[in-house]
Amino acid sequence: MIAWNRYGKSRVRLVKLDRSAEPHRLVDLTIDVQLEGAFAPVYEGHNRLCLATDTMKNTVYALARQRPIDHIENFGAQLAAHFVGKPAVTSARITVAEHPWVHIQGSNERHPHAFHRPGGECWTAVVATTNNQQPTTTVQSGVRDLVVMKTSDSSFSGFPRDVYTTLPDTEDRILATSITADWMYRSGTSDFAARTRIRSALMDAFASHQSRSVQHTLAAMGHRALEACRDIDEITIRLPNRHHLLVDLAPFGLDNPNEVFVATDEPFGLIEGTIRR
Amino acid sequence: MIAWNRYGKSRVRLVKLDRSAEPHRLVDLTIDVQLEGAFAPVYEGHNRLCLATDTMKNTVYALARQRPIDHIENFGAQLAAHFVGKPAVTSARITVAEHPWVHIQGSNERHPHAFHRPGGECWTAVVATTNNQQPTTTVQSGVRDLVVMKTSDSSFSGFPRDVYTTLPDTEDRILATSITADWMYRSGTSDFAARTRIRSALMDAFASHQSRSVQHTLAAMGHRALEACRDIDEITIRLPNRHHLLVDLAPFGLDNPNEVFVATDEPFGLIEGTIRR
Amino acid sequence: MIAWNRYGKSRVRLVKLDRSAEPHRLVDLTIDVQLEGAFAPVYEGHNRLCLATDTMKNTVYALARQRPIDHIENFGAQLAAHFVGKPAVTSARITVAEHPWVHIQGSNERHPHAFHRPGGECWTAVVATTNNQQPTTTVQSGVRDLVVMKTSDSSFSGFPRDVYTTLPDTEDRILATSITADWMYRSGTSDFAARTRIRSALMDAFASHQSRSVQHTLAAMGHRALEACRDIDEITIRLPNRHHLLVDLAPFGLDNPNEVFVATDEPFGLIEGTIRR
Amino acid sequence: MIAWNRYGKSRVRLVKLDRSAEPHRLVDLTIDVQLEGAFAPVYEGHNRLCLATDTMKNTVYALARQRPIDHIENFGAQLAAHFVGKPAVTSARITVAEHPWVHIQGSNERHPHAFHRPGGECWTAVVATTNNQQPTTTVQSGVRDLVVMKTSDSSFSGFPRDVYTTLPDTEDRILATSITADWMYRSGTSDFAARTRIRSALMDAFASHQSRSVQHTLAAMGHRALEACRDIDEITIRLPNRHHLLVDLAPFGLDNPNEVFVATDEPFGLIEGTIRR
């Protein structure tokens, strides 16, 4: 006999934007739905009572479109109330993790639609000394895993279309990435505090750029970094494209004006380039 | 100026089945596509030459449908040849990681359409001693992260449909999971070698079951485990549903008779239950 | 023949404190050492030229004691210069990752010897609705993975000593942890913004406490959180003890007055408790 | 008030060898100790009852030396019984995860003191096509994360000693690593099934080699791989040294004749080399 059971959908990744006014608001959640109830027939092979976990996922996105998400506690309660009303369900448990984002801070004020997610970022350096006659040393510095997102000023259109192309042109999409950048200092440099200026330049350029592609923004970031520091001649930037896919809510009679997205981990685009002075 | 650049799609997850004869063949790959070439205009905001990374992903799945995958080296070469023929591309680099699966081994022979992916599995035990007047001890054992997949004998249909349901009924799907199971031994048990029999029972039941849902298979596995060991009265099983989604190849004029899948990490269904004697 | 070779020590974890003045300074690094050179005899079994990777690790800690670490680029260069002077070495490559910490910010000013490492932190909520006659809902909120360290005001002494005890009493140690806390709101609460006050209370209590053990600090944190929010009656806190072990530099003729530490991942102490009003 | 509490040591990594007869036996465990009890005074700053978690770790290793570990359930019960006898403890909970190793299988029989830990291994390939006049293609194949250990026939001695050297010479140590190897096929090769022979060659060479260093074994593995496949001219091998440190049991009046080890994750030695025909 089935003595206890629980089932549901885990790790539903939801990003909801409110772009009705500036500054934009951004909510980034990971949600688990778990139901308990009189589901014994399901364990015997009868699915009449088994709400599909795929339906649970759809419900999360559809409710996210229809309800404001002020506090995760309230949104969780609305989801729980929805699911506990389904046949056979005796208990619905909603677990939410909210990933904080902060507006990118410019020189004077916070940017209205560019964000930074603190976490995991670190500074890097690679120093190599080679022993030819007299030792020579190269110094490379960098920043790694600087996570940013912009919710306006990003398009991707006009790219070539072949038989395997299904992506539509878009003039307005989310652009999210995790910046890794490395630069080699000129021999003899000692102003290693420059990394702070370079980091700011990368962030500012990302925030303010009218992006036509990740490549386009990468170049803008690189040029800005070169302006910020006289001691470097080139910078290599690596930008994974953390795709935020617009959820198709049409099957539920809902539109989705760039508001409800699923954040995906894989696959991801990966754009790399070296900008030279 | 742009001194060097490279771009592409990383971590395209491809599972391809050959079910034309038994035993089934299963190929599980993670693929990265990287292109180099004369893409300077893209970095200035002109996308005419910028093959979308989404198109690269589609191409991987479409070619997987049309070509046999015997060796990853050959499949990689076919992808590289495809992409190097695109305008502006001077070099295409395909990186493939192949994740090995082995047929589940029954008492006499290997199962024709059930698989095991070695790796990460471990045995677990939780022993708790409580000090009331005289100490009492409970012994729980288990197995964790036992990864299995079956390529036949799994359906999911007849589940309730509400306004948020889009999942179609299916009589034939991939069922993949990572088994975690725990059982409490009766007081005084000393035959802890039973765990090997329980593990076999779980694997055998998974392989041979005519599954109408993950829940249905969980119950079958639990009952078989109870049969395999007299010293336990119940077993708790936890089965994440590692969804393998059929790729829609219709936009490319191709059918997909349960052959080409994308393996996804999240979201996942999570089914838990305790089977009692 | 050996066509190319490189060897070294990876992931040397170094934390260096400067407590000579307030505010304390804290440097947290992960260092890789890689050497290339005329090491062919080593591959044939002759170790006369093979500087042990264990020696490389020791060298990192010993040099960290003797040199200021202002910029990782300079410290890396000093390490590279040291290793490139060894017999057979033609090139030394030092890779450093610096993990940023910031002083905990109190109401008026930053704390002189308590730190916060941004990253990975998230807000959590678990909402459960049960369907008994009329539905009842419980709301639990929390914070997860809030990483903090204090470099003063932490001791651990007077604990029981048995035959397996080797840890000496200490009146001055690093205390580092990753705070996870959960609290259940009273039924009917709607002020979910309280989480910000609770988070501040946890941080402040951690920073200002004269800690005699992790348990002692956990209780202080819990009491402060209860004061910060009238809508909760208890809070459960989970504090892994991220041990920072003082490096023994005596074999190198150096003292180590609580300055050079190795940060360890495992094993770790884990302290959990529920503080009730 | 403290309403509930629990504390202990998590992730104690224990490897125990039985080399009293061939084939050697190897037990690889990760252990958590958790105590509950009348510890309220500890939360008020009085440590008289607070058994240090460091003492718990020591106890695990000391008991591992003195007791046979046949089943983790029995070893867990012995630890629980030990800790529940301490003052104030009302309950001791021991959680054990056992990581399975299997003897490396040679052509005829399993190797008596070389082991393989299944898990995480995958095959890799990198195919690059370049478009110069006529396209040229290079094919590199490899294996990644093949985890192996040998419990005899490994020494490390005679290395140079400088002021920072503390490592003693040893004629008998554990050698554990995770093999990653890559080789480039000659142009026109089509026998990609060679990878299986190369993998066997790497494993066999690792198992049978009289190792004087990781480098020494790397070279032996590379030469054996070149013998196994005529279609390659060189192979690059990367061997992290997964250090197993002998636990010092002398403070407890116990010897440790290469029997009880702590398995460490970081730092690790990293040895890389290319062997050319």
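Observations, loosely collected:
So that you can tell them apart, the chains are marked A, B, C and D in the order they are listed, and the count of residues begins at 1 in each.
In the analysis below, a residue touches a chain if its C-beta (ideal position, glycine included) is under 8 Å from a C-beta of that chain, and two chains touch if they have at least 3 such contacts.
On a predicted model such as this, the values are computed, not experimentally measured, just so you know.
Farthest from chain A in terms of Cα centroid separation is D.
Note: centroid distance chain A to chain B, computed from Cα atoms, is 25 Å. Centre-to-centre separation between chain A and chain D, using Cα means, comes to 36 Å.
Centre to centre, using the average C-alpha position, chain A and chain C are separated by 27 Å. For chain C, the set of residues touching two or more other chains is empty.
Which chains touch which is summed up as A-B, A-C, B-D, C-D.
Taken together, the chain B residues at the contact with chain D in this complex read 71-74, 76-77, 79-81, 83-84, 89-100, 118-132, 135, 137, 139, 141, 144, 185, 192-193. Taken in their complex, chain C has these residues touching chain D: 1-13, 32, 34, 39, 42-55, 57-59, 62, 86-87, 156-160, 162-167, 212-216, 218-219, 234, 236, 240-241, 251-253, 265-276.
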